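Each of the two complexes below includes chain A, the first together with chain B, the second together with chain C.
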Partner chain A sequence: MVTKTEETQLNRLENQVDNGGGGAWEYLCLVRKLKVRRSEKVLKHGLSILNDPKQRSSLGSDEWTLYEQVAVAAMDCQCLDVAKDCTKVLRKRFPESKRVGRLEAMLLEAKGSWELAEKAYASLLEDSPLDQAIHKRRVAMAKAQGNISVAIDWLNKYLETFMADHDAWRELAEIYVSLQMYKQAAFCYEELILSQPTVPLYHLAYADVLYTLGGLENLQTAKKYYASTIDLTGGKNTRALFGICLCTSAITQLTKGKSKEEKEGSQLQSLAAKVLEKDYKQRAPDKLPQLTTALKSLTLSS
Partner chain B sequence: MGSNGLRYEIAQNAYIKLVLHSLKHPTSAVNGILIGRISPSNDVVEIADSVPLFHSHIPLLPQLEISLILIEEYFSAKGLNIVGYFHANERSDDSELGGVAKNIGDHICRYFPQAGVLLLDNKKLDALKKSKERSAIMQLYVRDTSKNWKLVPSDANNRFSLKEPSANVVLLDYIASEKWNGIVDFDDHLDDISKDWLNPGLFN
Partner chain C sequence: MAEDLVLDTAIRDWVLIPLSVVMVLIGVLRYFVSKLMHSSQTPDAKIVKEGQVIVRARNLRAGANFIPSKAFRTRKIYFCNEENGLLFVPKGQGQNPQAQMFSDPNMAMDMMKKNLSMIIPQTLTFAWVNFFFSGFVAAKIPFPLTQRFRSMLQNGIDLSTVDVSYVSSRSWYFLNLFGLRGLFSLILGEENAVDDTQRMMQMGGFGFDPSKGLSAEKDNLDITQHDWALLNFEHRAEAVLRKVIS
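What follows is the complex of A and B.
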């Protein structure tokens, strides 16, 4: 997961390298560190370093890390010849390596040879049953083949052992959302909020899921989590601000006549509306008229 | 076949925007809203424009509701309505209209009862360079009398067509120049409101 600052930094570097301003190795290291998926750029810039003997040798032992990174990027871009070449180089350098074995299995995956890949992963797991990356490849394979329920099973099993893997919880939540299994998705976000209570993304996602589930109690809780998102992001999160307005409107629809809710609710909503209008006036003034009408209609219904 | 007998015609810019959006996010499902009106002769739904919506968390309501409110507000001032929904599946070998797309389609029908749902045809997109395909690389679904979404078969009746016959030629050109980089969707707007989901100047 990447913060806005990190993303800006990455994009700046990417622009620089794209426009011939150098910094390819820094870019590739940052991509690795942030674990983002920019396979086309990685392939392009990584290959240009690897194909230049001078630049390659200046990397020292980092050369092998680069081969691995380019191999995976090549697989993601379906440039399987490049991937095969990189993997061969690594296999020659590290003949006994399990890590290279994993790459070779991934290559089978990229080719669509599911059964062979499955066998390769199974045998790798026999020797290293706690290799998290391999477990996750199996989930990815199930997902790629459209066996979503199998992917869910594998992922749940994985999380029984590796319950601190936040990325896995997020993946599971997103799979549940894609199947409209919102209750189960909510559970995943609850786990994430419990273990990392200061990450606003989880509060926001949880609120979104609860709003989608609907019902008075869920809406009231959603509103609380939109509020905590606003708190954690210094009031800058547009989605959370909109969320407050949507929740208040929906809650009032469901509780017509209960004056206690209305007073409390409308204060927060009008605050959120004010912040939104101020922000749009500053940064998207041509969209302000629609926003004002939209917010009015949401407030009117509350 | 749909019970309404209406034809659906999509303008080049609306069509290309949706395909470019799908290409910008090749690893996730994407969706969009179709904007237009019924022809004065009452027999054609003219899709004049489109708004790319999301590339993440598509089945979540809050972002959908807000985007629909704002989009409708903007276009009704121009005499245009929300007339349909576009969806592209996450996996290239998935050619079915899934539950999420159907549900959102139903939601759109509340705005416009004869709403059509367009599903990106991934195989046709893949083959576009070589096939010289002239018809839209999308499938049209409409609701039958029991409110089930049914595929409109592409036959001589031409129930779904491109307004400009050379749209795919222009599309291929834009693909070659990687024009998808310039597409802004509602997700991008919600992350940074200075990004304009109207994509003005995209085709300049």
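What follows is the complex of A and C.
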């Protein structure tokens, strides 16, 4: 996750570099460190550094990292000849490197020759069966080809060995949600919450999945997770506020005959409704009447 | 009895300082040599998996109160099940890592290299100190000591009436041996300040870690109780929202 300070720093550097000020190298280093995906900018500024022989020699041994970064960015922007040139330079310099082998396989993937890329990855995996990046590239390739079930298989096998990799769990959760396999997605989100309990994003996603699954117990749990998201974000997350309102109305619909702790639930719902109205008044005042009618219908049906 | 012996300043110039300088140089040399001789170890798949399992079990323990109790119980059974739980290591397999480590040629070579790179310079320096710098008083320790230390610190000096605070250069050697870690961290960067004491400790402890780690995690997980923290979160959310409105 990128923190706010890092994000502002990144944007500031980006503006500076775009408008002709110096600092392209610091920008590229920051992009590499934060692993954000700004391929066009990376391509533009990276190429400007690489094509200028004076700047290139001043980089020293970091030049090769820059080549790798620009190659990946070029593949992302589909400038395959630029990528091929960079890979060739790297191959000449490091003739036996597995990292360059991975770049070449990625180039095959970008060109669309899936079988050749598959073979290349398989041979790379034979040499180093514990290379996490290659496993992930195989999953990405299966997903790009549209073979979601194969992607799920590969990803599950990867997670059997590397079960502490939370990015992989997140990817798996999103794939399951896209396939509407909500129970499995709930499991993945639980893993994510376990490893990083203070990230409100995972609480929110888990609550969404639980609400979609439905059923009284799931709805009550979802409401609690929406509440925890509100707590973690200081009440600023609009989706969680809506979630609370919807959950409360759905719960009261399901428990129409039985009188349970309605007092506390309605307090939370009315508070959430008030915060939502205040928020909309500030940010989107023309949508306020729609909001009030929607909220009224929710409370009326409960 | 506390007559102060006046020590020649030449001792300081020609004994204490050169000895320290030599030890620092040997430490730096050892660091570079170890970097050259470092062979990249291909990690074993099983060990990697065990490491990851331990991390996941630790996460489960840490975040147990944030997931619903049913989910926690499912995972606990998955990890601690007597027959095929992830953390369960049958007694026979526990011994394997060490035996494997000795028979695996790469690892044995690495161990030998580490040990040798430490033992040889130590032995040589010690012999050099003994040969050249023995037989005279080298320094005075600023605090008084008991008579028991005499044999350790004064071994070149054959006068029994000299105060134990006056030590020979062998003790200066030992002082440097254990104390140069701060200097190395300045010169070589924070992570490379591995002094001889740490290396001696590393020599002792080896690869039992995987199996012991797993059983330790299993015991910890067995004890963990589930106390769902989210029960009170609705109240906390209300408080937060009230603050936002006001």
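Here, the second predicted complex is superposed on the first by the 283 of 302 C-alpha atoms of A that agree within 3 Å, B and C clash if a C-alpha of one lies under 4 Å from a C-alpha of the other, contacts with A are read in each partner's own complex, and residues count from 1 in each chain.
The rule we apply is simple: contacts are C-beta pairs under 8 Å (C-beta built on N, C-alpha and C of every residue); 3 or more make two chains touch, one makes a residue touch a chain.
If you're wondering where the values come from, they're calculated on a predicted model, not measured in any experiment.
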item: Partner chain(s) touched by A:Phe162 [first = chain B, second = chain C, both, neither]; value: second
item: Touching partner for A:Asn15 - first (chain B), second (chain C), both, neither; value: neither
item: First (chain B), second (chain C), both or neither touched by A:Gln78; value: neither
item: Which of chain B and chain C A:Val209 touches, first, second, both or neither; value: first
item: Which superposed partner A:Ser149 touches (first chain B, second chain C, both, neither); value: neither
item: Which of chain B and chain C A:Thr3 touches, first, second, both or neither; value: neither
item: Touching partner for A:Arg283 - first (chain B), second (chain C), both, neither; value: first
item: Chain B and chain C contact sites that coincide on chain A, given as residue numbers; value: none
item: Complex contacts: residues of chain A adjacent to chain C; value: 128-130, 160-165, 187, 190-191, 193-195, 197, 221, 223-228, 230-231, 234-236, 244, 264, 267-268, 271-272, 274-275, 278
item: Touching residues on chain A, where the partner in the complex is chain B; value: 37, 144, 146, 174, 177-180, 205, 207-209, 211-212, 238-239, 242-243, 246, 279-280, 283-284, 286-287, 289-291, 293-294, 297-298
item: Contact footprint of chain A on chain C as seen in their complex; value: 42-43, 45, 48-49, 52-53, 55-56, 59-60, 62-64, 66-68, 71, 230-231, 233-238, 240-245
item: Complex interface listing, chain B residues touching chain A; value: 27, 29, 57-63, 65-66, 69-70, 73-74, 90-91, 93-94, 99-100, 103, 189-191, 193-194, 196
